[in-house]
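In the two assemblies presented below, chain A is common to both, partnered first by chain B and then by chain C.
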Partner chain A sequence: MPKEILLQAAVQGLQMGAIYALIALSMTLVFSVGGLLNFAHGDFMALAMYGAMVDYEAFKIDAYAIAPIMFALFFLLGVLLFRRVVQPVLAAGVLAGAQLTLGLVFVQENLILVLFGGDYVNVPTVLSNRNLVVPPLVMPWPLLVGSAFAAVLAIALYVVLMRTDFGRQIRAIAQNRDAAALMGIRIGRIQAIAFGVGIGLLGFTGPVIVAQFTLMPTMGLDLTLIALIVMVTGGLGNFLGSMIGGLIIGVAESLGSLFYGGTVGAMIPYAILVFVLLFRPHGLLGEH
Partner chain B sequence: MLEVSGLVAGYGRITILREVELRVDQGELVALLGVNGAGKTTLMKTIAGLLPSTAGRISFGNVELTGQGTERTVEAGIVLVPEGRMVFPRMTVRENLLLGGVHPRPRPRRDATLRRVLDLFPLLAERRDQKAATMSGGEQQMLAIARGLMAEPKLLILDEPSLGLAPLMVQETYAALRRLNAEGLTILLAEQNVKLSLAASTRGYVMENGRIVLTGVSSELAHNPLTRKAYLGRL
Partner chain C sequence: MREKHRSTRGAWPWLLFLVVALMPLLMSSSGINTAIITMLFVYLCVAWNIVGGIAGQFCIGHSLFLAAGAYTSTLLAIHFGVTPWIGMFAGAAVATLIGMFIAWLSFRRALPPLSFALVTLALAMLGYLAISSIDVLGASRGLTLPVRGTPAIYQFKNDVTYYVVILVHVIGAVGLSAWLYHTKTGLYLRALRDNERAAHAIGVPVLKYKMLAMGTSAALTALGGTFYAQYLQYVEPRTFASIHIVIEIILFTVVGGVGTMWGPVVGPLMLVPAGEWLRHELGSGLPGLHLLAYGLLLVIVIRFAPDGFLGALERGRQAWRARRPAAEASPQ
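Here is the complex of A and B:
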């Protein structure tokens, strides 16, 4: 196999990996404050992509321009959802919370189906069908820009989590909730904001990667599945692990489909997951 | 300063505290004695706002704390150093301390408080970038106390600070508490170690089956046969 093709696939894998990393990191953020695995995580992103579609069809505003507004909208949606729905259900236990998010999957996917139909949709942007050629690499602009946004956001979020009072409070709640309460930390408030930021990031990322995806109502669950593989590979609840895991799974998927074709290649991330768990049952950076 | 009257509390339908009366005055070091299961931890958690009460009152100075959460308790100046230390295991000593002062009341003076606390516990200054989980029980206890001090408490409540510690660390922990008390910090201390806590305190309460059964000056409690009865179940 020529080296150029291998390099091309690796770079493309890293770029997809950055996007996976951000999805997994925001899912880890939601997970860390309430112990809630949000199975509807990918569907929020799908919803954001359909939002970009509506925006384009109605106002002809480019998806990239709408991203900050979508962040704000999804942040509010996340906070509201946490306060009104998730928090009361979580009080009944994490299992009830998981069932709730599974329910949200169906609600969102069917909402999309009802509103927009079941056809495949592509949303054009200013960057659609353009490539950046840096011999020997040919990189589609939508993926390049989308992954750059994802990488910057993921790193920014990581820095916030590790270096700020807000981030420390989130980690404190994740590590010992009662002790966090004894510091006078307003647990519910921090949880709601964390949930809002997690969903808000999906609201931002959806539009900036929309040109790279073909939209369909059930795409959200696929994204959630990838994010779950990433989270478990990197170590459930570990922020750095989610980012590293994202890159690993992105590259594995890309090289897998290069070597073995689409069907077998799509299994490679799962193979990696099994392989990692065999040797490190808590994931690459998992503790306990 | 702290006034607890007729306090009834517990977990769900299980009542643990039965009309507890307790008072701590400014500058005191008060010991709360009792066997395992007497209700000491429940009482402290309820005062700190971690557990709701079903009847009775908790007030601090002129602040009404009944039915308020931990956020309000810390605001008022009550800080609980919980049983089992509960440090944040995957964070460094420094991060643990910063979190101790994260509440909006002490937050503006946090850098200065951190320096003072590290002066008080030089060992923590040496270990400031070490993960809390990698420290010994005694070091973690010190960290837990230091973290509590970061919130600038007016009343520091400690639940079993000597539990599971090596004798030397117990001595050191108590020396630190006496020093803090001498500097003016009011302390309420729950202990199973009667000898130690009565030696350190000015007054004491003895708890049994969720009730205060005996109270008095520590030196008298130490010689009161009822104190021994509360521990041994017989004279």
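Here is the complex of A and C:
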């Protein structure tokens, strides 16, 4: 196999990996403050992508321009959903929370089906069908820009988590909830904001990467599963691990489809998950 | 952990269930299909509850067992002419082996509970992708059963017979779970759920009972798979092997009451007919509208009764009991 093709696949994998990393990072954010495994995570992103489609068809505003507004909308949606629905159920246990999000999968998939129908949709943007050629590489602009946004956001979120008071409060709650409350951290408020930021990031990411995806109502669950795989590969609840895990899964998937074709390529992330869980059950960077 | 649900003993839930279960036999023929699917889900939920509820192992991989049952009996029937009455047990054996292997694997690696859910989810996705791409299994097109319509090969002219067959399955499964509740085995399983370390410390053979729960649940689910395949007379990956059917099984059980004996019976009994009714009322409008209403209903139930219908019932009863003596004691 020529080196150029291999390099091309690896670069494309890294770019997809950056997007996976951001989805997983926002999922880790949601997970770390309440132990909630959000099975509806990808569906929020799907909803944001369909939002970008509506915006394009109604106002002809480009998806990239709408992203900040979608962030605000989804942040509010996240906070509201957490306060009114998730928080009371989470009080009954982590498993009840996970089961609730399974119900949300059902709701969002069918909401999309009702509003937009079951057909495959592509949303055109200013960058659609344009490539950046850096011999020997050919990189589609939408993927390049999308992954750049994802990388910047992931790094920004990481810095916020590690360096700011807000980030320290989140990590304190994740480490020891009761002690955090005794230190004067307002648990419910921080949890709601963290959930809102997690969902808000999906609202931002959806429009930014919409040109790279073909939209369909069931796409959310696939995104969730990829994010879960990335999270577990990196170590459940480990922020740095989610970023590294995203890149690993992205490259593995891309090289896998190159060598073995689409179906086996799609199977590779799941196989990696099984292997990681069996041989490093706490993930690559997880603590014992 | 406090024993919340005392209604596992006694004959009245059985009587109530039998009355409800015999009602479809009096109904018109159009209702019988809904009744069959309802009973199938009751059966699958009771089977899932053995490992997911009683033993507390949150398994998202039951599509594997359903597919193992459906595909094994169907392949045996197509290629070797083996009647599904025998093939169903071959399918159950395959599913049991898979289930026990998963339980053994995750125990050996000492997986934390959420990771167990994820491993089963990943294996189910692998299974789905594999089945959808292997030609011998019909790939994404699936396989069609030869139609002869004789009871000797598990095919019936009348849908009522199918209903009776699945009802017998259900009674067997509920009987088994009742037996589990009232014996030491069930006590061990619930000890695993409540505190695995403590259970291990007092001498419960953890691995043995995890494998037992998983194997039993898998075998029952596989028998359901064969039934479903015989009823539809085809198998294909989206119906039998996708995650969506597991999500439905889990949600129905949750709405009824996870880990209780009658919860997984009550959940589908209420929800599957409700879903069919919504499809009937709203299905002619926008596609997906009835499923949206259905999903909202599920979320609302979980929001207000995270411990399920039976849990809410028990809480209501206790609140009523607590109020009554106070009312009697108050001055006239």
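Basically, the second predicted complex is superposed on the first by the 287 of 288 C-alpha atoms of A that agree within 3 Å, B and C clash if a C-alpha of one lies under 4 Å from a C-alpha of the other, contacts with A are read in each partner's own complex, and residues count from 1 in each chain.
What we mean here is this: a contact is a pair of C-beta atoms (placed from the backbone, for glycine too) under 8 Å apart; a residue touches a chain by one contact, two chains touch by 3 or more.
These numbers were taken from a predicted model, which means no experiment stands behind them.
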{"item": "Touched partner set for A:M139, first chain B, second chain C, both or neither", "value": "neither"}
{"item": "If touched residues of chain A are counted for chain B and for chain C, the larger one", "value": "C"}
{"item": "Which of chain B and chain C A:V89 touches, first, second, both or neither", "value": "second"}
{"item": "Touching partner for A:L104 - first (chain B), second (chain C), both, neither", "value": "second"}
{"item": "Contacts of A:A150 with chain B and chain C, given as first, second, both or neither", "value": "neither"}
{"item": "Chain B versus chain C as contact partner of A:A194, first or second or both or neither", "value": "neither"}
{"item": "Partner chain in contact with A:L36 - chain B first, chain C second, else both or neither", "value": "neither"}
{"item": "Partner chain in contact with A:R171 - chain B first, chain C second, else both or neither", "value": "first"}
{"item": "Chain B/chain C common contact set on chain A", "value": "none"}
{"item": "Chain A contact footprint on chain C (complex, rising order)", "value": "58, 105-106, 109-112, 114-115, 117-119, 121-123, 125-126, 129-130, 132-133, 243, 247, 250-251, 254, 258, 286-289, 291-292, 294-296, 298-299, 302-303, 306-307"}
{"item": "In the complex with chain B, residue positions of chain A that touch it", "value": "165, 168-169, 171-172, 175-176, 178-186, 287"}
{"item": "Residues of chain A defined as touching chain C within the complex", "value": "37, 85, 88-89, 92-96, 98-100, 102-107, 109-111, 113-114, 117-118, 217, 221, 225, 228-229, 232, 236, 263, 266-267, 270-271, 273-274, 277-279, 281"}
{"item": "Chain B - residues contacting chain A, complex", "value": "48-50, 69-71, 73-75, 79-80, 82, 86-91, 95, 98-100, 102-103, 105, 107, 147, 151"}
